[in-house]
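Order of writing sets the labels: A, B and C. Residues in every chain begin at 1.
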Amino acid sequence: MQFWLTQTLNSLALGGLLLLLSSGFALIFGLMRIANLTHGALFMIGAYVAASVARAGWGFAMAVVLAGLATAAIGGLFERLVLRRLAGNAQAQVLATLGLSFIAADLCLVLWGGDPIPVSPPAFLSGPASLFGFSFPSYRLAVIAVALVAAVVLYLLLERTRLGARIRAGVDDMPMARAVGIRASALFTSVFCLGAMLAGLGGAFGGPMLSAYPGLDADMLPLALIVVILGGVGSLMGTFIASFIIGFVYTFGTALVPDLAYVILFLPMILVLAFRPTGLLGGARA
Amino acid sequence: MKATIPGLLLLAALALLPAVSGEYYVNLGSQMLIAVIFASSLNLLVGYAGLTSLGHAAYLGLSAYIAAWLALRLGLGHAMAAPLTLLATTAIGGIFGWIALRASGLSFLMLTLALSQVVWGLAYRWTSVTNGDNGLSGLTRPAPFGIDMENSNAYYWFVLSITAVVLVVVGRLVNSPFGASLRGTRDQARRMSSLGYNVWAIRWCAFVGASFVGAVAGLLYVYFHKYVHPSVLSVTASAEVLLSVIAGGAGTLAGPAVGAVLVVLLKNYASGYVERWNMLLGAVFVFIVLVMPHGIVPGARSLLARLKEKRA
Amino acid sequence: MTIDRRSFIAAAATAGAALAAPSLVRSQGTAEPLRLGLLTAKTGPFASGGLDMERGLHSYLAANDQRLGGRKVELIVADTGGVPSSARTKTQELVERERAQVLMGPLAAFEALATDDYMRARKIPVFPVAAAEDMTQRKANPWLFRASSTSAQCAHPLADYCAKKLKYKRMVLVADDIAYGHEMTAGFQRVFEEAGGKVVQKLFPPLTAPDYGSFLAQLNRDADAVFLGFAGSNGFRFIRQFNEYGLRGKLALVGGMTALDEAVLRNMGDEALGIVTVNWYSAELANPVNAKFAGAFRKAYGYDPGFYAACTHVSASVLDAALEPLKGQPFDRESLRTSLQKTNASTARGPVKFDAWGNVVGNVYVRTVERKDGRLVNSIIETYPDVSQFWTYDPKKFLAEPVYSRDWPPARNLAA
């Protein structure tokens, strides 16, 4: 019984982290049709920045905030200076985003060295919580909560604010949105910043669970891609559902069928895409 | 053809490399040529079919592993193992293509990535066949017509001749009616479809062709290294060849070759002089994308055209 | 073909540059300085260990006037990135372009396997860091001298210690899902079960598992202890998560030779205290060579030397000792090999000699983590002298059996 409960909570925590990681990617791709392959690197930068800020003694909340701001700034600069010029040229975008991720990864290696750096969670969350007679890390419970809050905030942002309305208009029909006066260039930069910030926040929150280490970007990027594609492009709800599906599949899969540990992440995606190429909740365009 | 003379001159120049360089450079040359073949194979998909794949390392890797397995576990000689390897890898390419082409755009990319990751996972885990992360070693190079390929120069000339053949064949294919219809499906899929072309079948043929040429690269790879490890199937390997193609200029014949040479030079040669060669690689890519967003070869061509205009 | 003039010129220029490049190669001149090549991984997942390898070697050379056996050393460092194909290319670069006469490294087992046939064909004396068993067993390379350890060489004595001193009866073995992890746990299991213990569970998380939550949930709670066969930073991450799940105190932890390496220990806190590990080295060793080494290393780099730094330092000690009797003669690899086979060197890990297969026979230390002078150290609590790669088994019989792997020796006591 304990096994099932623990694994369920593990799945939820992993799913929550994936949601934080992938929602930014989904936003950017949904609106701008840019597959931001730097997303994993932004997550890693968020984790490293949070680690340093926490180590300097400024507290976890500050670490998260600064991580988000740092990645938002990097994202915004990159979009303005580089990606803006590559509109419509998908292959050049691949080159640019991957190129930036190489630079970012090597820079992190130079700045922080090759060892993993633990991120200390806030003191009140660093021990195990006692639930129904067994222990579970309190921090992971907090991650589940944070992810749900983030999902709600994003939902409200998209549905209840003007920025959100503009984003939805752009996702549905960009030419028409331009025709009614929505300034695409400013919108693109804001969304890219928002997406990058989400990645950085994901890294900051993920830090205490995963630590910041070289290679974190390469480990996280495929996960973001899987979640967004499985959920369906253009649908944040799809991303939400897919995050938790992948969380469950990975956690239970590695425990119950260890021989398939390496492929367990991809099998559901292959199956879904083979039968429903637009993903679970995707729109007509893929 | 007007390109034949420069092509032959280039071939002759490259053939002279062993006469003027030490063994290290000859070996580096072999590696570059293998990368050129591999990049050209991906270019069929990325450049001419307009299908960006992040899983192409699967074909090089499958070919390398199958060849190794046939030689080590079944004891087959090269004359038998090579064609069987090409056949098997291409067949798998056909199946993967069938799966991947059910989607397009980013979903296609993800499917190719997923399929290659499944193969990677198999290579890691199926230790009874692949020896897991210890890899398969103890392989030999073929000896066609009795020529000993263990000699670096001989192997270099062998790879060079195959590269020349591959480029000629790919060039012919791309300039044929099939190549034209392939480019048609890239640029105007709907129109092609309404004109009666079977867009899916054309793309699938391109996929199979790409996996075949990728398998050729895989054979040359495993003969060169005489060792195969799951890392040959990694996302990094797929990403590197994709970047080579795009950076060099997808959709041109010379582009992937230029891109492949650039990446091999930076990885293997520059890394001896520049400690932060990864950053350099990334910076070069970003630079190319800013200055020549369609790749080096198209960028160089337009630069040349502009210079001609200025003079006129 | 549509190669136009422009691309032809570009290609010809590249070819021209390649043709001109040989003139950049240094002329060799006299055979006086020893050309030593170091194959290490300064980028990629092994970067931390790779950097330590370089530092350890620099440390030795700096303390010995850049000389080994009286010869001036010219050190060339190559970065393999932890990728086997790059390892081979870099080996070729060191041997063919830089004319290296002796090599140290590579770090990872698959890098060593990828370069083995090349080094054998070229007859290059090599001191690997990689721990792959067969390199000094069933596929022994006569030019290879490993001064560190095979995967299981240190696990055997630890299993003995766990069964006899710590009196554990049931253990869980967890290691990275790579050959190194498989070989190490296989060796541990064998000795542990022969001493009366039972291995009730074996878990192999993928090397790049982002999270150990699902593995921690599966841990058999009835066991006495968990053996950690991780490399690099994974051990540290596992232990942290182990504590987060409230398992601290419920199950004891013991670690293999790379689980709590000094390089990893410096980033840990109280959660590491009291964990017993095994290694052929500890920065706390009291012999005169190590006293100087550890002190100088700490002063230069701010942390204690660990597995990787010690490996190259010890290899340099051995090479130094082997070259001593050959002073004044031009470099000859055959005489170096003969000298190495007879060498009995005093190194930072203690006395080192080689068995007939090129692997070290030396001390192995059982350590526990303590806090000393405000930092965490691996204090030595037991020494097993003269440990060979075959433990107490007969080499011929050992070699007739299959190599250690995930399935051999078979685990017969796994709880359902």
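As a working rule, contacts are C-beta pairs under 8 Å (C-beta built on N, C-alpha and C of every residue); 3 or more make two chains touch, one makes a residue touch a chain.
Just so you know, these numbers come straight off a predicted model, no measurement behind them.
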Contact graph of the chains (line, ring, star, complete, other): complete
Which of B-C and A-C has more C-beta pairs touching across its chains: B-C
Euclidean distance of C-alpha centroids - chain A vs chain B, Å: 32
For chain A paired with chain C, centre-to-centre distance based on mean C-alpha positions, whole Å: 36
Sequence positions of chain B contacting 2 or more other chains: 124-125, 278
Chain C residues counted as touching two or more neighbouring chains: 43, 177, 206
Residue numbers of chain A (touch at least two other chains): 106, 261-262
Chain C residues within the chain A interface of the complex: 43-51, 177, 203-206, 208-211, 213-215, 217-218, 233, 236-237, 240-241, 244-247, 263-264, 266-268
Complex contact set, residues of chain B against chain C: 1, 3-4, 6-7, 9-10, 13-14, 16-17, 20-25, 27-29, 31, 124-125, 127, 132-135, 137-138, 167-168, 171, 175, 225-227, 229, 231-232, 252-254, 257-258, 261, 267-268, 271-272, 275, 277-278, 296-297, 300-301, 304
Chain B contact footprint on chain A (complex, rising order): 29, 35, 82, 85-86, 89-92, 94-96, 98-107, 110, 218, 222, 225-226, 229, 233, 259-263, 265-267, 269-270, 273-274, 277-279, 285-286
Chain C residues touching chain B - in the complex, by the definition given at the top: 1-8, 10-12, 14-16, 18-19, 21-22, 25, 42-43, 78-79, 81, 83-86, 88-90, 92-93, 96-97, 109-110, 113-114, 116-117, 132, 177-179, 182, 206-207, 405-406
Sites on chain A touched by chain C in the complex: 3, 6-7, 10, 13-14, 106, 109, 113-118, 126-128, 130, 134-137, 139-140, 209-211, 213-216, 219-220, 223, 250-252, 254-255, 258, 261-262
